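Look for subunit A in each of the two complexes below; its partner is subunit B in the first and subunit C in the second.
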Partner chain A sequence: MDITIIAQALIQGLMLGAIYGLIGLGITMVYAITGLLNFAHGDFMAIAMYLCLALFTHFNMDPYLSSLIAVPALFVLGLMVYHFLFRRVLKAELLMVVQLTLGMVFIIESSLLLTFTADYESVPNILHAVRFSLGPLSVSGSYLATFLVGGGAGAALYWVLQKTDLGRQIRAISQNKDAATLMGINTTRIQMIVFALAIALLGLSGSLTTSILTMEPYMGLELTLFAFIVFVMGGVGNFLGTLVAGYLLGIADAMGSLFIGGHLGAMVPYGLFVLLLLFRPQGILGAK
Partner chain B sequence: MMGENSRTDIKIYLGLLVLLIVLLLLPTRLSITWTRTFAMVFLFIYWASAWNIIGGMAGEINFLHPIFIGAGAYSSTVLYINFGVSPWVGMFLGAAIAVVLGLVIGWICYRSGLPHLSFALICLGFSHIGEIIALEWDLLGGSRGLVIRPAPGLANMQFETISTYYYMGLGMAVLMVGICHWISRNKLGYYLKAIKHNETASAAIGIDTVRYRLLALAVSAFFCALGGTFYAQLVLYIDPHSAVSITAVISMILFCAIGGFGTVLGPVVGTLILMPIGEVVRLYVMTGFHLIIYGVLVIVVILLSPHGLVPWFQSRMKKTQEESPA
Partner chain C sequence: MLVSVQDITAGYGSVTVIKNISLEVDRGEWVAVIGGNGAGKSTLFRVISGLVRPRSGKIYFEGRELTALPPHEIVNKGIIQVPEGRMLFPKMNVIDNLLLGGRNRRARNNVNESLKKVYDLFPILEKRASQEAGTLSGGEQQMLATARGLMALPRVLLLDEPSLGLAPLMVREIFNSLQILNKEGMTILMVEQNVVVSLKNAERAYVLENGEIVMSGSSKDLINDDRTKQAYLGI
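Take a look at the complex of A and B:
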């Protein structure tokens, strides 16, 4: 096979990987400070994408512009979900939380199905037809934007986690919640903000990928699965590992569809994950 | 103490007996659509109870069941369509395949002591792979699925009247609940309970946790696969989305959650409440809306009574008994 085709796929995979890292980072942050997981995580990204679709069909609004609406809207949605639902099960057993969020999966997926039908959709953005080339390689503008904005957001968030007061508070809670509370950190407030921030990230990821990923009402669970894979691959609770794992998954995804193709190619990321869990269950950057 | 417990038990058994008699007489009053719906409700009671053995009793977040159900549905159907093998025989091949798959996947996961969450993910991953295999493999009909030509006859596990399916489903559900009851009162049930509450401590007192979790998984897989064959024969059509369905296993888990995880009657109560409501909504309001109702109900139940309806009801009964002097 031509080496440029492989390089081309590698670049696209890497660029989409920025998004996988970003949605995985949301899961990692929420897990770090609440110890809980949200099986409806990917469904919130589906909500963002359908929001862009609705804004495009009704107002002809570019998805990039829609992100200015989608991100705050999902932040508020995140605050509400945390306040009315998630907060109440913080101390329940893991299985109960799984149930609660699986209930949310059903509600979101069916609502999307009833509102938008089961048709496959995608929304073009202003950069979709623009191609940037470097030598024999060329890449679509929407991929490049996804990479720059998604990767940039991931890097910025990592900087926030490492260098700012908010980040230090988040890490303190993830290390020892009781001690952090005793040090005067408002745990409840931080948890709420982080949960909403994770959902807001999905708003950004959704608006960036409307032209790349095909929308359908049931896409959420698969996105959640990808985010979880990234979360576990990176070494549970490891922020940097999550971002790295996102890129790896993006590449695995691209290689799978290039060399195998079709549905079988879609198995590659899962196969990789299964192998990884068997031979290195602590994740790529996790400590033994 | 003992007397009070057995008095509660007798009340529950009487209640179940009345329910059973009502269900036995019901088909004479029901339309064909509703008889079919109830056959499906019984199948889900059966499936949810089988899931409950590994999911509720052993406390695992297990999503492998689409594979087990698919193994049962596809094995018997492929054998019947291509080789004329009776589904009564084919279903045991399906069950054997499901047990082997369950044991292999389970052994790999339990051995390495994966945390609950990674295990749940790996299960979802495997189920997804199972769905993809069903989509890709021509023998299994790909995305078009497999159609079973109607040829009523006992040997073909196809019946003239829908009420035969109804009674068969009812029989399966009763049998499965009986098995769960038996397990919960026996060594396996107590071991699973111990493993659920503290795996490390259970291992320390000498319970071979891997072995008993595998045993529970194998039992669960075996019966789920048999249910898969029944499903194929009831609908006479299977495709990857209906027979290797992650939505179906989530529904089962939600039914167990509403009724009460790990309790014998939880899956029965949860399914009997949710599925008929869902069906009414699906038929008279809007298709697809029933899943929203499931989602809302499970959230309400978890917020109000986190352990489900059966434990809530039991504690209520205990309270009233303690309050009344007689």
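Take a look at the complex of A and C:
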């Protein structure tokens, strides 16, 4: 096996990993401050990708440019979903939350199907055909951009969580909500912002990957599944662990399709997940 | 009156925990609410801080009604609670805990001076600044909880069981610091199970039993009252 091919796959893995990390970080943040999981999480990334498709079809807009619309649009969508739906089940039975968010999955996926048909789609961006050479390696420009912007966004968000007042408020709510309230933190407001921020991250992930991932109306649930794996692998509620797990899963994904390929190759990330649960059930950085 | 609690009834679900409680705290005073486990002391504090809505009754701060405000607005007014069991953020270091204490609207521009002040009062916290709060000893945790409360620039400090689970020497140290604060003008409302410590430090006290106030008066009078002696002091 040629070392450059492995290196190539590694780069692809890092690119995928940056995106998996971003999607997972949204799940982790929402869980940290509400204790709840959103099963429709990945479907919002599908919405972002189809938004890019529509902007490309009607206005010939590059997906990278569309991200300037998709990110704020999904942030606002996130605020609305939180305010009108998610907020109402915060204190409800856990099964209510599952039902509500699974219901959202069906509504979003059916709406996408009605609007865009079941055809497989992708949207090229300005860097799609550009290749960068690093010695013997040749990297697609859109992969490199996805890795740099997606990975950069993950790192920036981690910095925000660790070093800023907003981050301290989020961590405070996740560690003791009543105590956070007694610090004068408006917990409802922070929950709403974080929920919307998690959805906005999907606006970014979606715009970055329109040329890399094939979109179809039912892709959301699979993305959610991957996000849940990243969330558990990182050590439930651990921000850094989520990012690390994202990269591990991305590399496993890329290596699996390179060395094994096909359906068997696609099983590699799940195999890694099962192995990790067997030997380190608390996750990569989770506490026992 | 700085704080005036009027006829508060509150509870959880169908259970009523406190019934028709009225009490008052004047500026600069140190007032204690004493009573055993389950008397409703913590519920009273949760109502004052807005974490629990009362069924009836009203609370006034400087003559303005607090009862309808959300908890974070009550904090912004300077009513700061140091909750029972410390409620620190265990996975954050000491400095992050303190910064969270000092982030409310009134306190945030004063953070550096407040830090200096609490480090003067509790020098051990400065040594532990980068240590996770969950790894501190019980006494250090109570100091941090109190310091976090002070960072908020309280106009009235609500202390919930400051002596709970602490060795006698540590209790003395904490109360020495509280004495200093009170002499500097800090208003303190405290709930305590430790009746001796309470009556030694506070000027006045209310006795809470089964959710109702059964006695009140100056600490001197209460300490000499036969009923208090029998029920709480074991003499």
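In the analysis below, the second predicted complex is superposed on the first by the 288 of 288 C-alpha atoms of A that agree within 3 Å, B and C clash if a C-alpha of one lies under 4 Å from a C-alpha of the other, contacts with A are read in each partner's own complex, and residues count from 1 in each chain.
In this section, a contact is a pair of C-beta atoms (placed from the backbone, for glycine too) under 8 Å apart; a residue touches a chain by one contact, two chains touch by 3 or more.
None of the values given here were measured: they were computed from a predicted structure.
S.K.: Would you check which partner chain A:V89 touches, where first means subunit B only, second means subunit C only, and both and neither mean what they say?
M.R.: After superposing on A, A:V89 lies in contact with subunit B but is clear of subunit C.
S.K.: So, does A:L113 touch the first partner subunit B, the second partner subunit C, both, or neither?
M.R.: Touch partner of A:L113: subunit B, not subunit C.
S.K.: Quick check on the superposed pair: does A:D178 touch subunit B, subunit C, both, or neither? Answer first, second, both or neither.
M.R.: After superposing on A, A:D178 lies in contact with subunit C but is clear of subunit B.
S.K.: A:N186 in the overlay: touching subunit B, subunit C, both, or neither? Say first, second, both or neither.
M.R.: second
S.K.: First (subunit B), second (subunit C), both or neither: which does A:M267 touch?
M.R.: Only subunit B; A:M267 stays clear of subunit C.
S.K.: In the superposed arrangement, does subunit B or subunit C reach more residues of subunit A?
M.R.: On the superposition, B touches more of the residues of subunit A.
S.K.: Tell me which partner A:L221 touches in the superposition: subunit B (first), subunit C (second), both or neither.
M.R.: A:L221: touches subunit B, not subunit C.
S.K.: Which partner does A:L278 reach: the first (subunit B), the second (subunit C), both, or neither?
M.R.: In the superposition, A:L278 touches subunit B alone.
S.K.: Figure out whether A:L100 sits in contact with subunit B (first) or subunit C (second), or with both, or with neither.
M.R.: First partner only.
S.K.: Who does A:L166 touch here: subunit B (first), subunit C (second), both, or neither?
M.R.: neither
S.K.: Residue overlap on subunit A between the subunit B contact set and the subunit C contact set?
M.R.: none
S.K.: Which subunit A residues qualify as touching subunit B in the complex?
M.R.: Its residues touching subunit B are 37, 85, 88-89, 92, 94-96, 98-100, 102-107, 109-111, 113-114, 221-222, 225, 228-229, 232, 236, 262-264, 266-267, 270-271, 273-274, 277-278, 281.
S.K.: In their complex, what parts of subunit C are in touch with subunit A?
M.R.: Going through subunit C, the ones touching subunit A are 49, 51, 70-72, 75-76, 80-81, 83, 87-92, 96, 99-101, 103-105, 148, 152.
S.K.: Quick one: in the complex, what on subunit B touches subunit A?
M.R.: Residues 59, 61, 108, 112, 114-118, 120-122, 124-126, 128-129, 132, 135-136, 246, 250, 253-254, 257, 261, 286, 288-289, 291-292, 294-299, 302-303, 306.
S.K.: Going by the contact rule set out above, which residues of subunit A touch subunit C in the complex?
M.R.: The contact residues of subunit A facing subunit C are 165, 168-169, 171-172, 175-176, 178-187.
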